[in-house]
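Labels run A, B, C and D following the written order; every chain starts at residue 1.
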Amino acid sequence: MAAEPIIDVQHLEHTYMKGTPFVHQALTGVSITVYSGECVAIIGHTGSGKSTLVQHFNGLILPQKGKVIVDGADLSDKKTDMKGLRQKVGLVFQDPESQIFESLVGDEIAYGPFKMGWPIKDVRDAVKGAMEMAGLPFDAMKDRPTAALSGGQKRKVALAGVLALKPKILVLDEPTAGLDPRSGMELLGRLKTLNEQEHLTIVFISHHLEEVAYLADRIYVLDHGKNIGEGSPATLFSNKKMLEKYRIGTPETVDILYRLQDAGFSVNVAHYGIAEVASQICSILEHGPRRDRYDTV
Amino acid sequence: MRAKSSLASMGVDRMERQPLIRAEDVSFQYKGDLGEKVIPALNQIRLDIYPGEYVAIIGRNGSGKSTLSKHFNGILQPSRGDVWVDGWNTKEKSRLQEIRKKVGMVFQNPDNQIIATTVEDDVAFGLENIQVPPEEMDERIDAALRLAGLSSMRRRAPYHLSEGQKQRLAIAGVIAMRPACLVLDEATSRLDTYGRRELLRVIRRLNEGGMAIVTVTHHMSEAAEADRVIVLDEGSIVLQGPPREVFQKQAFLQERQLDVPAASRIAGMVHERCPSFRPDLIDSDEVAGEVRRLIGEGEK
Amino acid sequence: MGKGLTTRRMVVAGVLGAISILLGITRLGYIPVPTPAGNATIMHVPAVIGGIIEGPVVGLIIGLIFGVSSFLNASIPLFKDPLVSIVPRLFIGVVAFLVYIGLKRFNKYVAIGAAGFFGSLTNTVFVLAVAVARGYFTLPVALGVAIANGLPEAIVSVIVTLAVVAPWKKIGASRKKKSKIS
Amino acid sequence: MTRFEWSRKITIGHYIPIDSIIHRLDSSCKLLGFTVLIVAIAFCNSYFGNVLFFTFALFLFVLSRLPIRYGLSGIKPAIPFMVILAVLQLLFYGGGVTASGTVYIHYSFLLITSDSVRLVVVSAMRFVEIILVSSVLTLSTPETELMHGMERLLKPLKYIRFPVHQFSLIIMIAVRFVPTFAMEMEKLMKAQASRGAAFGTGRWWQIIRRTKDMFPLMIPLFRSAMARADDLVLAMECRCFVPGQSRTTYRRGKARSRDFSFLLIIIGFSLFALFYPFPG
């Protein structure tokens, strides 16, 4: 992992509807750093400010207080080139298929590149590349009507529409929400490939801890507009107090380990994969209880 | 193991009771637009749902599970076969009102089920339709909102609610009509972990109060809560039974692109290495309990 | 067109009415094109669309919703007069429906465009007619506005109506088989 | 770039929850009374009648205990329009001189008569009066109450087979969905902007191009509206809704004699100010 920060957010605050009775402070001082090539998950329950935070990354919301630096550009600086920034940071919203408006797949994906004013040949190459990254065969799909696609395919088209701008950073707001589990798994697999093979920096919001565990190198936990925890999935899932206090929930496998721990068995919560849990249980059964009472007071 | 209060889980009782919903050889085809070839969405489904039962219907995308659930209150009528609700055929148009009063239904997107501009008016909407006397409405609205955990929201506008609260409002709007059965068509699929947990709590409470629940879901941990799981594939019922039996057939389910709860997979894996470990476990509580049981026996 | 207000027609009237209100209370209803007002409004387009897809009653109700919301939100004296802001709007969807039905057999695509055009002109002409009758404008001024504002607005209306209704009615999809990048 | 953050600010009603006689009025009586008043103002052509209406509008504002600045805030942005309109009317409306009218100025095409002056003054007054009256109504009544009031008001029309329930439900659905579409629209704008969209590009005369810039917003918005409509129809039918079938009503009117006296006063006053043959 390259140790170069590509997104640097310091003490960021944001208040909606300032000066009205409905004033609402969504961010109360977030500081997070994303390094180039990383895959970072942002979790926290509804209303914790996750969406507000990520909309700062491509300048849809400008910092009111605090600092946001994306790939060297300071977003508080009025001279920052927004168009360039939005090309560099691809933001995929929740239910992105709702933004599809062209009647043909190819045109839909080419919308962004055309708006950037690229020559037609580059547009074509960009669309082709994006479709392949999103798992849509170019020749078979580019002239298909968008109306006839399945839910999973529509989401891929929307993703390709963002990838076509060749972003360095991909930001996704609940990428698998509303998809059936199969399509969701496939999409996660694509994202993992993009991160590992195309070296795309990925930041994503998720409620789904299994998904976070699968994809993320590092997790930030947000609560009431503040980051209150950070770490690898293993360190975070080992922090039972935090999971409970901030209503984050626990993946089922972690939950089993906690229950065993509560019963006095010595288990390692950092090893929460299904096979790992099974083998931990087997070793308890095979080698006797090995209750470690000092471990769980 | 798990104590279920629902009467229907006791097999003896089931024989004597009349089914609330009965599907008899139901086949269904969507009408194609311009004579394109039509694939049957449902194929000779036979199914009984009993009062107070908690049933989960699972299956991959396009397996027909949503289509089936829409037959239970006459939104769709079978192309062949019949669906009976409390003795009434859903094909009888004049009975549709009665049928829908018996079988309430909640869908995926809560925003598109809320009609009124305040929470209480929305719950009242269904009551007005079935001509509940105005004097009785207040009490029914109260009760429904309390069950759905929304009592403090009565005068709120729906757009001030969270997604999870909106979905509970949709449920309140249905249960105020006092149906015998609540059908949930992927009602939790758009909710976050917390919202889903709250919603499941409401559903469990309703079931404990005697309401039959039919839930169509992608979430196996949700299906594990039911008395009976029905697996649909290509429009046919391919497997049904209590969750612990169904989720043991992991290879069979995986062939049909269905997962099983992580607890069941772990139980299966442990069982392979330690045969004394029960393979038919469905949640984390049971897995931990089984480890305790075996260790406890070993210590004796 | 069928009988009375079905549930479907009610709901379509409701959601399109909501869009009409939304376009009116935000700047989204204005498209910056060269007219004396500086932009063309598309707030009446939901009424046109409602008239085309669900018939005259739906068109009329959406027109009414548009009218009342434009009366309540008006900041121009002309539209704070209910006779100017509400009454003319009732006819937008009805005219759009009649034009669509009349031309449908000839060519659906043209019929939709024409409905958009005449629906929009109905708005312009009726509003101006009442305004003249009420003494806000003289006839020559009104004629000037009708041409300078009404025509661009009608063109905008045709484009938007076609873009929205044609895919919904599943026509026009066959017109284009290849994407631009092919 | 704050233009992306607007959906939260959308309000349809402008209700201000304070307590006053006007706030407490039964909404159907209030709605009827104010409608009559607004229509009467719209038709009033005399100076004297308008002075009366103006005074009455101020009186209502005082009764409602609403800060008068809320009423004035509706007038301020309209002042430039009022001036332009007044000039237009003065310059071009001279031709409409009646027998009883007096000619003040007549120079070449310019013709200013007592009638055109009256037109200018009266339409400006009418505008101010209607602003005041309609803001009292919307500031003192929550939107939901307004809708219920309307439904009760229209109820007698059932006897001429006007679908009152259906009509009020449509209005309810429209009001209910405005905030939903506002949020959706904001999300669409942000999502398309993230793909490099710019709204209002091209030269000023490129009408088609400028209209097409709105496609990424308008097409998804309408498609979503139709999809929501499909869902909502199902949800309503599942809750036993059958159009035209009789229903009970949760919200019943509680109009008392006080409300009826208010109604009578307002109607009586309107008729008087409108039809009494004031001199001049």
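Everything that follows uses one rule, which is that contacts are C-beta pairs under 8 Å (C-beta built on N, C-alpha and C of every residue); 3 or more make two chains touch, one makes a residue touch a chain.
This structure is a prediction, so every number in the text was calculated from the model and none was measured.
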item	value
Pair with more cross-chain C-beta pairs in contact, given C-D and B-D	C-D
Intercentroid distance (Cα basis), subunit D paired with subunit C, Å	19
Mean-CA-position distance for subunit D and subunit A (Å)	45
Inter-centroid spacing, subunit B versus subunit A (mean Cα positions, whole Å)	31
For subunit B, residues that touch 2 or more chains besides their own	none
Touching two or more other chains - residue numbers and ranges from subunit C	167
Set of subunit D residues in contact with two or more other chains	169, 172-173, 175-176, 180, 215, 219, 228, 232, 236-237, 241-242
Touch relationships between chains, expressed as pairs	A-B, A-C, A-D, B-D, C-D
In the complex, subunit A residues that touch subunit D	16-17, 20, 22, 55, 58-62, 82-83, 86-87, 90-91, 93-94, 96, 98-101, 111-112, 115-116, 161-162, 165
Touch list for subunit D against partner subunit C, complex	6, 10, 12, 38-39, 42, 74, 77-78, 81-82, 85, 88-89, 92-93, 95-96, 119, 123-124, 126-127, 130-131, 134, 138, 163, 166-167, 169-178, 180-182, 185, 200, 204-205, 207-208, 210-212, 214-215, 217-219, 221-223, 225-226, 228-229, 232-233, 236-237, 241-244
Residues of subunit A that touch subunit B when the two form their complex	45-47, 150-152, 177-178, 180-183, 207-209, 247-249, 251-253, 255-256, 259-260, 262-263, 265, 274-275, 277-278, 281-282, 284-286, 288-289
Residues of subunit C defined as touching subunit A within the complex	167, 172-173, 176-182
Complex contact set, residues of subunit A against subunit C	102-107, 110, 114, 120, 123-124, 127, 142-143, 145, 147
